[in-house]
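Note that the chains are named A, B, C and D in the order they appear, and that numbering of residues resets to 1 at the start of each chain.
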Amino acid sequence: MTQRIPVIEGLFAELPEGPRLLGSRCAHCATPYFPRSPVCHHPDCDAGRIENRMEDVAFGPSGVLYSHAVQNYPPPPPAKFDEPYQPYAVGMIDLAEGLRVLGRIATDDFSKLQGGMPVELIVDRLYRDGDGNDVVTWQFRPAEAAGHRNQGRRKP
Amino acid sequence: MTQRIPVIEGLFAELPEGPRLLGSRCAHCATPYFPRSPVCHHPDCDAGRIENRMEDVAFGPSGVLYSHAVQNYPPPPPAKFDEPYQPYAVGMIDLAEGLRVLGRIATDDFSKLQGGMPVELIVDRLYRDGDGNDVVTWQFRPAEAAGHRNQGRRKP
Amino acid sequence: MTEVAVLGVGMHPFGKFADRSVTDLCRSAVLAALADAGISWREVEAVAAASSRFSGGKGWGLNGNDVVEDLGSTGVPVYNLSAGCAAGGNAFHIGYTLVASGMHDVVLVVGGEKMPKGFIQTSGVEEATDPEFLRQRCIGVSGPAFWGMLCRRRMEDYGTTEEHLAMIAVKAHANSVHNPNARFRKPFTLEEVLQSPMVCFPLRLFEICPVSDGAAAAVICSARFARRKTTKPVWVAGSAVATARFDDGMTRHLAAVSPPGKTMHSEAKLAVETAFERAGLGPRDLSLVELQDNTVYYELAFPEEWGLCAEGEAERLVEQGETGPTGRLPINPSGGFQSFGEATTAMGVFQVAELTWQLRGDAGARQVPNARVGLGQTIGLGGNATAVMLKT
Amino acid sequence: MTEVAVLGVGMHPFGKFADRSVTDLCRSAVLAALADAGISWREVEAVAAASSRFSGGKGWGLNGNDVVEDLGSTGVPVYNLSAGCAAGGNAFHIGYTLVASGMHDVVLVVGGEKMPKGFIQTSGVEEATDPEFLRQRCIGVSGPAFWGMLCRRRMEDYGTTEEHLAMIAVKAHANSVHNPNARFRKPFTLEEVLQSPMVCFPLRLFEICPVSDGAAAAVICSARFARRKTTKPVWVAGSAVATARFDDGMTRHLAAVSPPGKTMHSEAKLAVETAFERAGLGPRDLSLVELQDNTVYYELAFPEEWGLCAEGEAERLVEQGETGPTGRLPINPSGGFQSFGEATTAMGVFQVAELTWQLRGDAGARQVPNARVGLGQTIGLGGNATAVMLKT
């Protein structure tokens, strides 16, 4: 039976309330981090350099697309993908928690992607491995399907 | 049938007159090189920097041992050796041509090795490869066997 | 600090040279620079070299030591600098500092590279602690895709068109026709660029630089030494190195804090502004700029971020031909990375060579008229950037 | 050039730390150095770091960038220096130059390393053009065997005995007992050393340093800045980098030209002599030396080659205990590489930290009485060497 295997452990989770990114926040200066960070890297946060002052936080699912591009050619290793290669979109997403995150944008129609549009976090297949398992990763999809159509969209 | 394969091509040859190291000499300043060098690296030899001013030279077979050590433990890759590992001697040898060369010292009795002793170039097995061939390399052996016993030996 | 002059420069033509080692390429460039400076190898007192990830250096990044052994081991101190694609500029800055401090009179700066084929695998490290590994394995966001995202945002913000992008590539290749060191010396039409394959929408193949083999070298020296050797020295007006700021909005890892202001290449902006400050010069003083055009997008973003033009004005400059060699803000009259291909760690020194030829008036048919002040700039992995200003 | 002070130093203890990254080690060392200097991270104006072949650096040797990102990206310029095992000393010299030139007031120098297990595979390059590959594949002459050859020649020339070699190891470990940062803090008897396995005749296991993980950092600054922060600064009297000469007789490739004079480590000699010259000081001024004792043999060869003692005299100094902390020429009162293990690129900075503690009189039970002037020295692949002299 096909299993869902996270591409890397500890980066995201499918919680009862939905998919989330597993990050940290500095207890001293509130700087958010993804992936988790054992220390705060804010240059003015001396306190953050003392370990164990970081709190685990689950980020998402709502964000706004800052921008996107299409990976039209197959990227070099260590990227992995199913054959035959199908171009996909990647984007920078601003989360409400003050974090800008990279991720794939799950869409069939690249032409509908637009800066400012609301997106939501999902966990979906990156590629199928040699054992027939689905290796999954965090992705974002346009939030229209969830009734947010046109909300927050920004015209140039 | 067991073949003799040079460990690296172009470093030495078994000529009719005996084994030789394949090197170069600068036509401008006479600096000797082993391995062959397409240019002269003497810091004062401007002319040597123009390619094709180097002449091929065969060095050896006579030299004098400057010093030696014993490789008592198996060296890390990319070194290769036959199993079980047998310690061997290595040395710096001053050739008459003004060149100090590194090489294995072929001897059963390390205690007889002494700075200043005459040695002669041979080509002998380094290890046997997976196909049963002898991979050979340049080595030096004490020249006593050739009637040079005690000649040139130096007491501390 | 004492004044520093660029006394001689040299370059090995860029391209793919299967039969030549990186040391061979460097030797050509260094001997040319020594001859141009009118000095012998023995007069070089120190070497600052770009450390390569791809070629030479004995597996330890010792590319400067390779050069010294090849030319003849005189005992000179060697400094091997790693800074990703900014390594050449970084090495130049160290060479500059060694002379400016009064420690040495004559220093050789060199960068050379033999690149692997195709698009670069950025880090080569396969560990979950490596940000580049995570970006590639978990998302598959290549370098061109990253540039594409930044470029797409610009299109939405300022109405940049695909034609604007293509015009920059056309300009680069038009310049390259006049540069004997360039790898590609063929002019392209707008249509040809627009018909080249889409690599990462919105960026096409002819809008992204490939990798090349190449090398460049510069002999720099104290004012005292320069005046003994030439009556027309080129001077280092200012040199600076910087790294990225924490909150510039560039997601160099899987994420970054949302920026308080405009998203920008803070490392390049900081390096250029510091170089301006050290030179006591500003954007209005520039005769020409050699900037790192891995992608044509940089020719739109950088001039604005550095204050060379107003926000959203870059496309107008391109439309009006003002970034050509005879325009108001000549950018990459050499042909740039688009025409040379990137020999990663050589590029900062390549720019110094090009600027020097321009400031001497020796740039032939690609000459910027009355070139007096030039700016060179590089940016590299790790948030590294360099800027150098030369003047007559 | 302006005067440069060492304002603060820090070290992560040396050892094997499977659970800590090289960045973790560096953070400990840097935070300790900042605290020792009494400054905040924001006050650091530039970073000079040793570039590691073994750990961190994003696969591009960007170890300084790792440190800056970890502590917080302020935009400071970063310089990553590769020089084999001399990288830490090389980075220190660049940091020194950045301050001495007047370009910066406060610079952080850092070196950290997580080493792979066992003896180091020197180059990692498997090409017939790579000298180290040829030496290993065609002959199988390891680093210890190379040292063994040099040591054996000394035994023939000066009557050095196996006991002399062992005495140096005994002295090193006796010192280490008093150093909380050392990896091995157990004293050894002469017999124990002489009974340790022969690695490469004539050198035994306890006469060759193993590899370790470790990190060290130093905050250096201008005289003006130092006087605001402390009444007892330690000063950089002289700093130098050098490479090997063409004709010193060391077969760094498969061969070398036969030397016209004595076979010697010309790079180390040149670096130390240049540091003496720049400091305006000589061998007689030295209170102590921290030298690179990968092998005990170096404690015999180096003092002579640098003119610290007469030819053939080194063994007498060892016999008479003159290289101990209270002797005439204290060598490696820290315990040296023998007691710490080599964390390759950290070692030059490790020496600066040790010398600083000695010159401040803070070295506890290993303190050299009335330490006024100290010399640190490293040597590395590619014929690189560094020397630094500190004074009170």
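Couple of notes before you dig in:
FYI, a contact is a pair of C-beta atoms (placed from the backbone, for glycine too) under 8 Å apart; a residue touches a chain by one contact, two chains touch by 3 or more.
These numbers were taken from a predicted model, which means no experiment stands behind them.
Chains touching both chain A and chain B: C, D. With every chain reduced to the mean of its CA atoms, the largest distance from chain D is reached by A. One inter-chain figure worth recording: chain A and chain C are separated by 33 Å, centre to centre, where each centre is the mean of the chain's CA atoms. Taking the mean of the C-alpha atoms as each chain's centre, chain C and chain D sit 34 Å apart.
Inter-chain spacing, taken between the CA centroids of chain A and chain D, is 45 Å.
Looking at chain A, residues 41-43 sit in touch with two or more other chains. Shown for chain D are the residues in touch with two or more other chains, namely 69, 72-74, 246.
Of all residues in chain D, only 27, 31, 40-42, 69-74 touch chain A in the complex they form. Remark: chain D residues 1, 21, 46, 51, 53, 57-62, 65-66, 68-69, 72-84, 90, 93-94, 97-98, 100-103, 122-125, 129-132, 240-246, 266-267, 270, 381-384 touch chain C in the complex. Chain contact summary for the complex, chain A toward chain D: residues 39, 41-46, 49. The residues of chain B lying in touch with chain D in their complex are 7-9, 11, 23, 31-35, 41-43, 66-73, 75-81, 88, 90-92, 94-95, 98-104, 110, 114-115, 126, 137-138, 154, 156. Listing the residues of chain D that touch chain B in their complex gives 118-121, 126, 128, 133-142, 144-153, 155-159, 197-203, 246, 249, 251, 253-259, 263.
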